[in-house]
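Labels run A, B, C, D, E and F following the written order; every chain starts at residue 1.
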Amino acid sequence: MDDVLLTVINPNTTESMTATIGKAAAAVASPGTTVRAVTPAMGPASIESHYDEALSVPGMLAEIAAGERAGSDGYVIACFGDPGLDAARELARGPVVGIAEAAMRTASYLGRGFSVVTTLGRTIGRAQDLAEHYGAARACRGIRACEIPVLELETDPAARDRITEECRRAVAEDGSDAVVLGCAGMADLCAHISAAVGVPVVDGVAAAVRTVESLVALGLRTGDRGEFATPPAKAYTGMLSEFQIR
Amino acid sequence: MDDVLLTVINPNTTESMTATIGKAAAAVASPGTTVRAVTPAMGPASIESHYDEALSVPGMLAEIAAGERAGSDGYVIACFGDPGLDAARELARGPVVGIAEAAMRTASYLGRGFSVVTTLGRTIGRAQDLAEHYGAARACRGIRACEIPVLELETDPAARDRITEECRRAVAEDGSDAVVLGCAGMADLCAHISAAVGVPVVDGVAAAVRTVESLVALGLRTGDRGEFATPPAKAYTGMLSEFQIR
Amino acid sequence: MDDVLLTVINPNTTESMTATIGKAAAAVASPGTTVRAVTPAMGPASIESHYDEALSVPGMLAEIAAGERAGSDGYVIACFGDPGLDAARELARGPVVGIAEAAMRTASYLGRGFSVVTTLGRTIGRAQDLAEHYGAARACRGIRACEIPVLELETDPAARDRITEECRRAVAEDGSDAVVLGCAGMADLCAHISAAVGVPVVDGVAAAVRTVESLVALGLRTGDRGEFATPPAKAYTGMLSEFQIR
Amino acid sequence: MDDVLLTVINPNTTESMTATIGKAAAAVASPGTTVRAVTPAMGPASIESHYDEALSVPGMLAEIAAGERAGSDGYVIACFGDPGLDAARELARGPVVGIAEAAMRTASYLGRGFSVVTTLGRTIGRAQDLAEHYGAARACRGIRACEIPVLELETDPAARDRITEECRRAVAEDGSDAVVLGCAGMADLCAHISAAVGVPVVDGVAAAVRTVESLVALGLRTGDRGEFATPPAKAYTGMLSEFQIR
Amino acid sequence: MDDVLLTVINPNTTESMTATIGKAAAAVASPGTTVRAVTPAMGPASIESHYDEALSVPGMLAEIAAGERAGSDGYVIACFGDPGLDAARELARGPVVGIAEAAMRTASYLGRGFSVVTTLGRTIGRAQDLAEHYGAARACRGIRACEIPVLELETDPAARDRITEECRRAVAEDGSDAVVLGCAGMADLCAHISAAVGVPVVDGVAAAVRTVESLVALGLRTGDRGEFATPPAKAYTGMLSEFQIR
Amino acid sequence: MDDVLLTVINPNTTESMTATIGKAAAAVASPGTTVRAVTPAMGPASIESHYDEALSVPGMLAEIAAGERAGSDGYVIACFGDPGLDAARELARGPVVGIAEAAMRTASYLGRGFSVVTTLGRTIGRAQDLAEHYGAARACRGIRACEIPVLELETDPAARDRITEECRRAVAEDGSDAVVLGCAGMADLCAHISAAVGVPVVDGVAAAVRTVESLVALGLRTGDRGEFATPPAKAYTGMLSEFQIR
């Protein structure tokens, strides 16, 4: 198998979170894979609203374009809202996988149902949309928030215990076979929670890294005959003129 | 009833299309309504891909922010992909309505089923997503493309006939009671096609203008107790720093 | 814009309830609209069962026929079960809107989900059917009964507080962004409850009046090429012979 | 097993059609069952629109009330639109079954999918609603109209061949394992078509008769603890005052 | 009506349970029906896992083959997981009905919703799959386990009370109009629980017996033109070589 | 990463097909993976009916049990009907993946929709059930049969061209972004068809091998706290007594 260059994009601009994500990605990557964990040059410090998510997309897409220039074989979008996934698929030659998508599909192999445990309650709606979109609405038995802001995952010493406790409740109350961690910033908690709660726990970053590797190994990439062909060339105006495709 | 200031945002940067949209909006607005049709300062000249759509959102959101400063009572997002709608709802005090959403819900009052007739085939997937998201998947009996690029709607002399013909086929083959025009740039074709085909034809711009007016008249705006509360304040970096909410 | 004659039909035979409904309708009608609030000459005093609902339909349809003779431009069916809506659409030239339909679609513009608060628990099933039928099953997060009979809404001094309290619980427990009032007899409670609970509250009568006005303004009426064409002429026998279409 | 009195209600007022239905019912009834086939005293001569259907309900309900006085053990509503079924269930002590409901559920035992072959195209929408309501939307692979008015089923010598031909197409094009006849007036065609087309053909009248018999034999009737309890007593006004429940 | 030979297969190997099932079947069978209650020669003593269910199928299918040789007119598969139903339908000339299928469809005639009360919690997932598959996902409002192993239904003196209590809770908490007993071993509890709880209670064995009788009386059997035609002949190897179809 | 022992079970008893499957599996397996391709000691020569499928399960489960004794880390069930998957998950300590499941989930990463191209038309129903069960009903835009019996895939010189042609039609007529091959016996056609048709083509064997490897690498296996715990111990009778769990 040839070497694989895998770009993992943290769509927010917080470098320390990119480091956490990159470490989680590297920990599960196959021997031949090089992980490039990148941080966009523009956008929000964390993604906790539809507004943050929408505005994370240009920076994320710029990283896809940069990845294409760098010869990246595939991409992970490492935010649980899977921001800009369809647009990224139009732009990239290789496969692009979002961590919510990968986590939900991966969890579906582990039993009948899973629960998602995430950060703020206001992001639950987006996760519901994604579960519906990915065909996981029936398998997804609950989406639960810990009300911990994204960036406090790294600083709040009580965060790990609160998340673990919510995972425990999810299993007991939702009757789930597995838990999905609903934020890229939780990537390092996976093993601890699985051991504590006694069910498989899926981190989307790890799941997405393995999924992209598999797609590359199987020679599979986004179909480009219709909806996901390269976007038509056209004028882009103002601050976003650098995004113009020619 | 007090006067209403209604901002209609064309999310692409083509001024002539904003003019068409603005005219269609003004034609159906109630006497007390002032229509502000605006063009973003940045973004794509037309929206024909997920990539275009994603990159139209920052410019659109900047117009929401400007509208808020100008005291706008409500907003129409005048692109059939309803780009950035959830983010706009977090940002605006008043109601925000997308033209696909308004057109599909309005058509649902006119019978059992409708067909959508749109521009390029590659945008059909997005329209399917929206129909599903708005609960119109059963009512939406077909989405059909004329393969006319958005900006050629204004310049191609054969466009009107091809769209009319596709509407006629939609009614015959899909068994639809009504037709929805799937692009803001078709706003001026509504009466012509309805007369030619003999079924009600819904233009989303007109439908959305009346819908926002009604919501304002009823004192209704986006619920702001949970998912659609004002986004949490945080740092925004780089080219998008002007989007930071404080 | 030309003047609009809008017929609002209270499908039960209680005149005082027609007055409440008529007042709510007039309060939100546009300047050029004349509201005719009418009471059927036959049928049940209130609608609290499938039996009541079925037997309200002939009287309601007689009012549609009378409205057609009077030149009515559109119709509201002002009972939350939307009785006889499809039949009315076959009969009327202009648009016909039910208050459950209008309330649910209007509430869908205000966030991700709404709750319905209604009178008797035995009517919840009908509301579930309608939510499903209108594509609002996902958006409708709960339907809750106060166990107040319809006609006691006008006489029970505790009714307002019990309904308000149930609305408060709906928001807290269902995670809804908005509340829909599930009975035409609650039309006058809207502003009070919205202020008390802090979320948008939708009254179906008001929503339907504005919706019909909009459809009329947009030149839209029920498609009449198939299912909703005028019913075929045929013999009607017995007590219902006056309903015969010739 | 005790003797069973089974009332089969033809909801339209055409006596010759009641005779056809009664004959079909008697042909499949068990030895101990007495079939009462009845015609309402009021209503439309045939049911071919939502309007006809709505106005058939009072006459049908009057027959339920008469059946209760006569000690009927159960009821069949013998029109494929299942008019007034929920209301009838509130009124009757014993089970009530509609022929569309019985036909669709019965056909579901015969393979993966069935097609419905019916009279006029304008009634297809109602059949779709029922398929959805009864949980048969996936199993129902097609609903096809022969464009034969209901009362011409008895008089048009070409009717049988056209219906048979449409059944043949249904099997070939929809990939259905069985066919459901979509009108009570087709009850006598069942054996002929099944022999001609080579698949099981379900007549709703026969299916419903056997279903009601089975429910009676099993001691099962509509649950009456909630939605389907006897309707609350109240005033009924005008021409419908005889329907008042005391 | 001709005499009917009806084979009721208990897919587990516990003879005493076959006796209970056979008694319940005989109690509701019509006068002309002969019930053959049979026990497979191989398989699990009870069915409480996917593993048990899968391994009950060969023995069950051998009984179908034996029934065909004996001239059986139809079959009931008397385990609430409906094991091997599709395969049995390919093999049998006459109709085959599973007790979950019959119970859920029968309960659907009795109101808007039902609850299932079953044995072990680990079997709930299978019942959910079946409800979904049979189009009863909306009608099925809850599936509840008593945590009584199947074979203890016959020996545990407290079983009846626990099941009755769970049925009572199901009605109160799920708002169900009827209860479905989720195990063939509960067939003898039906009347007791219905009297105690005050709602109709459906035993699948009884429901399936009457359903098969009805299908036979109506001349209906599985469509055999496509998916359910006799399986193609081919070599069968090893211990299962006796299952080879020639 | 430690070495992985991966058991790929061909659920039919045709050794040459096991060889094809084993080769396809080995071709995509990661360096550290050892593929054990096994053939059951009992069962059908090919799986082309529900009957075949049901009777392939005991042999398949015996291979799971043998794999557990051999220390297998994970399993692939290499028949597109995913026979016995839930039972296998109860039995195995490590993850178990079916090829239909893996193929459909993998194809979902490649665009909006895929088509399945399979062998006999009578197996389409099973594939529809699986698509529904795995949440892929919306993504799966068509299931098409070539009417080539499974074992003729290896012997019919025209098979490859017919399958390729059907794949081409699937893309053109269904508007799919990718094609899924609906039989393990097609595993060696993947590259050829993808090159010929110009869209990504997913072979389930390859997809499942990579999926199991990923799950093992991520430390994930079936949740065993509820439905998928080890089956309760009990007596197994007759020919299947060797399947008894103690």
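As a convention for this text, a residue touches a chain if its C-beta (ideal position, glycine included) is under 8 Å from a C-beta of that chain, and two chains touch if they have at least 3 such contacts.
Which chain is which protein? Per UniProt: A, B, C, D, E, F = Hydantoin racemase.
What you see is a predicted model; the values in this text were computed from it and never measured.
Engineer: So, comparing C-alpha centroids, which chain is the farthest one from subunit D?
Structural biologist: For subunit D, the chain whose C-alpha mean is farthest off is A.
Engineer: Out of C-D, A-B or B-C, find the interface that copies D-E, where copy means more than half of the contact pairs are identical.
Structural biologist: The chain pair with the recurring interface is B-C.
Engineer: Hey, how far is the Cα centre of subunit E from the one of subunit F, in Å?
Structural biologist: Those two chain centres are 29 Å apart.
Engineer: In angstrom, rounded to a whole number, how far apart do the mean CA points of subunit B and subunit D lie?
Structural biologist: From the centre of subunit B to the centre of subunit D is 44 Å.
Engineer: From the C-alpha centre of subunit C to that of subunit F, how far is it in Å?
Structural biologist: The separation of the two C-alpha centroids amounts to 53 Å.
Engineer: Two or more other chains in contact with one residue: find those residues in subunit D.
Structural biologist: Within subunit D, residues 89, 112, 124-125, 132, 138, 175, 226-227 contact more than one other chain.
Engineer: For subunit C, which residues count as touching subunit D in their complex?
Structural biologist: 13, 40-46, 48-55, 57-59, 61, 84, 86-87, 89-91, 121-126, 129, 132-133, 149, 226-227, 229, 231-232, 234-241, 243, 245
Engineer: Show me the residue ranges of subunit A that touch subunit F in the complex, using the header's touch definition.
Structural biologist: Listed in rising order, the residues of subunit A that touch subunit F are 1, 28, 30-31, 89, 95, 97, 101, 105-106, 108-112, 134-139, 171, 175-178, 191, 194, 198-200, 202, 206-207, 210-211, 213-215, 217-223, 225-228.
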